[in-house]
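Mind looking over this structure? Questions follow.
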Amino acid sequence: MAENNQVGGPAIGEGNAVYEVSSVSYSYEETGALDDVTFEVKAGESLALLGANGSGKSTLLKMMNALIFPSSGSVRAFGEELSEESLQDEGFSLAFRRRVGFVFQNSDAQLFSPSVWEEIAFGPLHLELEPGEVEERVEATVHILGLEHLRDRPPFHLSSGEKKKVALASVLAISPEVLLLDEPTAGLDPKTAGFLARLTVQLAAAGKTVITATQDLALAKEVAGRAIVLGEDHRTAGDGPAARILGNRELLLSANLIHDHPHSHAGMEHYHPHSHLEEHHHGDEH
Amino acid sequence: MAEAGLSIPEWMRKKPIDAGVSRNGRRRRTSVVERTISGLSEALRSSIFSERIAARPGLLQRIDPRIKILGFLTLLIAIGLIHSPFILLGLYAGTVLLAAMSRISPGYFVKRVWLFIPLFTGVIVLPSLFNIIRPGDPLVTLWDFGRDVHLGPWLLGDSLAVTRQGATGAVIFVLRVAASVSLAVLLTLSTRWPDLLKALRVFHVPRVFVLIISMTYRYIFLLLGLATDMFTARRSRLAGVSTPREDRRFVTGSMGALLGKSQALGEEVYAAMVSRGYSGEPRTLNRFSLAGRDLVFAACVAILAVAVIGGDRIIG
Amino acid sequence: MHIPDGYISPQTAGGLWALMVPVWYTAGYKAKRLLKARQAPLVAIGAAFTFVIMMFNIPVPGGTTGHAIGGTLVAVVLGPWTAVIALTVALVIQALFFGDGGLLALGANCLNIGFAMPVAGYYVYRVFSLGAAPGSARQWLAAGVGAYAGINVAAFLTAVQIGIQGDFFQTAAGAALYSPYGLSQAVPAMMAAHLTLVGFVEAAVTSLVVLYLQRTNPGLLLAAAESKKARAGGQRLKPLAIGLLLMIVFVPLGLLASAPAWGEWGPEEIREELGFIPEGMERFAGLWSGILPDYALPGDGGEPWAGVAAYVFSAILGLGIVSLLTYVIVRLTAGKDVRK
C-alpha cells in the first residue's frame, strides 16, 4: 500500500508543498461556496478541514481533486496549476488521478459498479494498470478492509458502513499519495467510524498526505496534525496545529462547530467538543 | 448560534386534535400511495431474492453466462417456431425441470411465471375462442341465432360458438407465452446480474451501452429507495383519506422531485468516475473462461432445438 | 404496452430487431459523444427514472389506476436522442434483469416505446411549444400534447405488430399461432384504449411533471434545449435515414421469404396455408382497394398473391410510419442547421 505512483511531476519528499491554494473563490450560480481561501499542504501532512454544513468543505475538496475549478484564484498541485486546460492533457491528467484519491461524502454517488470487486477494480483499470496488477491490488485491498464476504455483491445493497468501506477501498486500490476524505465518518456507527479513523491514522503514518473534511472534532483530533477552519462566511477562520485549533473554543463556536449547551458527557470521551480536549490527549498522535 | 431563543409555540404543546383512539368501523381504502409503495418494495425484494437464487450452486448457475444467453435465445426462437401444443407443453415442463435442477423451488417458479404474463394472456385470449371473433369450425355451439345477426355494420354470423381453431390457438398461444416467459425468468433468476451484463459484450453491445446499463441498474435501486421514502413519508402524514386529485398532484410532484434529485446525483457520479480515471472509454476485465460443462450445455441446447423443430414438423 | 415473448412470431421479432439496428447505430454514435459531454450518468439516471416511474400508480377517473411510461417526458428533459438511449436501456433492463417484456420481442418494444414514442412525442412538443417562453402555460400544454401523440404512435405500432400475427400466422387448419387478433381487431382495440384513457393519463402526467419542473427546477427543462444547441445535427442523421430506407425495402422481402419457408415445408402444405389466409383476410379487401386502388388485388381468395400483398401492405404500413417520423426528424434538424 505504501507504494507510490510517481509519474510525472517532481519527486515529492517530506516537506514539499503538495498543494498551494491561493485566494480561491467559488460560487454555484448565485450561491457563494468559497471566498478568498489560501493555504498550503505539505507532503506527508495530515490535515483536517473543519466547518459547519454548507461552509464549503466539499467544494474545496472537489476543487483539490480538479473536478471543479476556481472562479478566481488558483489551485496548484505538485507544482502544476489545476485548470480545465491542464487536465485536458492526458499525461498530466493520468498522473494527477493516480496521485490523488477522493472519497466522496455521498457513497451512493461513488458506487456505480455492478459488484464490489469491479467497483474496486474501476480505478486501477482506468488508470491503465496491467490486468495482473489490477487483480493483485483489488485482492489486497479487499483483504485489508475485510471485504472478502462482499466481493461479489452489488455495492448498493450494502449497509452504509459497508458502502463507505467499499468507497474507501475503491480509492485505496489506486494507492494515491494524497487522500481527500469528505466526511468519512458521517452517519456511521461508532465501531465503523473508529475503524475508519484508525485506518486513516495508519495511512498518514505510512507517508500519505491525508486531507479530511469533517465536522467530527473527535475524528479531527484523532487523525490530524493540523486543522483549517472554514467559517460560515466561506472564508478561512483559522489554520494551525490541530491541538491548538481544537482548543480554541471561541473559534469553534463562531464557526458553528460546537454549541454552548446542553451537552452530554456520558460515555462520549472521544466525541467531546470542548476546550479541555488536552485532558484526554493520546500521546501517540504524532 | 445557540438556540437560546427557541421556544415551543402554544399549539404544539397541546394534545393532537381528537387524540382519543377510536374505531369508526370504516376501512381506509388502500390508497394509490400504498399500492405504489408495495409495488416499489416488491421490486426491491424480488431483486434481492433473485440475487440470492443466482448465488446457489445449481445447474444453470454454473453455466457460463454467455453460453446461457445464446442457448436461451436459441430455445426462445425454437419455442417461437413450434406449432404443436404438445411439444410446447413438453418444453414448458422442461423449464420447470430446469428450475428444479437449478435449486429454484418449482412452486415459486411456476407462481412467479404465471402471475406475470401468462395469466393475463389467458384472459385476453378468451374472446378469440368464439366464432364471431375468429372464424372456424364450431366445437361447442352456445347459441344458435337461427339467422345472420348484424351489429351495426358488422356481420356476426348465425350462431355463437367456441371454435376448434379458437381453442387450439388459445392453447398454443398461452403455452408458448408461458414457456417463453419461463425461460426469461430462468435466465434472470439463475444469473448474477454483473455476469449477465458482461455477457452482453459477446453480442457486440458497445461498452458505453454496457456501462450505461450497469449504472442505470444501480440507480434504479437508489431511485426506488428515494421514491419509497417519499411515498412512506406521505403515508405517515396522511391519517385520513386523500382525494384522487391530491394523490395525482402528489404522484406527479414526486416524479418531478425525483427527476431533480436524479440530475444532481448524475453530476456527482460523473465526478466520482472522473476522479478515478474515467475519461470516456470504459475498460473492463474479462474473467470468463469456458468449461467442459458449458460446451455440453451448448450441445444439448442445439440438439434440443433441432429435435423439437424437426419433431414439430413431423407431427404437424 | 410491452410485448411479451410469444405474442409475435420470431420472424416478425427478427425483422424488428433488424429495424432497430440503424437506430441503435445512430444512438450509439451519439452516446459516445454524450459521454464526453458529461452526460453518461445523466442518460443512466434518465433510464432509471423512466424505469421507476413506470411503477407509479396513477389514479384515473373511475377509481382504477394506470401507469405512465414517460417516454415523451424524458425526451423533453434529455432531448430525443438521449431519450432513445435511456428508454432502450430501461427496456433492456426490464427484459433482461426483471423478466418483464420479451427478449425476442425486445426489438419490437424498443422500436415502439424506445424510439417512436419519445421521438414522435418530442417533435410534437417542439411544434406546439415553438416560440413559447420557458415557464409558460403553452410549454406544459405542449408537453401533454406531445405525450398524447407519442403514446398513441407507440400504441399504433404495437397494435400493427400484434395484428399481423393474427392475420398471417396460423396453422394449416386456421388456429392462431401467436396473438390471435387480426389487424382489424388489434388496432381498434388498442387505439380505443389509448386514444381515450391511457393517452390522457400519459398526457396529464407529463404536463403535471413539466409544470412542477417549471416551478421548482426550470434549469432541467432548459438543459435539453441548450445541449441541442451545442449539437451538430443533419449529417449524423444520414446513416439513420439510409439504414431505415434499406430496412423498409428489405425487411418485408425478408419476411416474405421466410414466412412460408418457416410455415410448412411441403408444397402441398404451402398451398393449403396460403389458401386459408385470404379467407381470413377478406374483411380487408375493401380496405386494401381503398388505399391501394392501383394494385390489382385478387377478389378470388384462393390466389397466393393476396396473402403476400396483404403482408407487404401491413409491413409497409408500420414501416411507413417510422419513415415518416424519420423524415420529420431530418426536416426539423435540417431547419436548425440553416439558422446556424
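For the reader, a short list of remarks on this structure follows.
Lettered A, B and C in written order, each chain numbered from 1.
Assume a residue touches a chain if its C-beta (ideal position, glycine included) is under 8 Å from a C-beta of that chain, and two chains touch if they have at least 3 such contacts.
Because the structure is predicted, anything quoted here is derived from the model rather than measured.
If each chain is drawn as a node and touching chains are joined, the picture is a simple open line. When chain centres are defined as mean Cα coordinates, A lies farthest from chain B. Each chain gets a centre from the mean of its Cα atoms; for chain A and chain B, those two points are 42 Å apart. Our note on geometry: chain B versus chain C, Cα centroid distance of 20 Å, whole angstroms. Per-chain CA centroids place chain A at a distance of 49 Å from chain C. Shared interface positions of chain A, i.e. residues touching 2 or more other chains, are given as 112.
Residue positions of chain C with contacts to 2 or more other chains are 41. In chain B, the residues touching two or more other chains are 193, 215, 217-218, 222, 265, 269, 273. Listed in rising order, the residues of chain B touching chain A in the complex are 1-3, 48, 51, 55, 192-194, 197, 214-215, 217-218, 221-222, 265, 268-269, 271-279, 283-285.
On chain B, the positions that touch chain C within their shared complex are 32, 35-36, 39-40, 43, 46-47, 72-73, 76-77, 79-81, 83, 116-117, 121, 125, 128, 133-136, 164-170, 172-173, 176-181, 183-185, 187-188, 193, 196, 206, 208-209, 211-213, 215-220, 222-224, 227, 244, 247-249, 251-260, 262-263, 265-267, 269-270, 273, 280, 313, 316. Within the complex formed with chain B, the residues of chain C that make contact are 4-7, 9-10, 13, 28, 31-32, 35-36, 38, 40-49, 51-53, 55-59, 61, 65, 70, 77, 85-86, 89-90, 92-93, 95-100, 102-104, 166, 170-181, 185, 204-205, 208-209, 212-213, 216-217, 220, 223, 262, 264-265, 279-280.
By the touch rule above, chain A contacts chain B in their complex via residues 62, 65, 67, 90, 93-94, 97-98, 101-102, 104, 106, 108-115, 118, 121-123, 125-128, 131, 134-135, 152-157, 170-171, 174, 256, 259-261.
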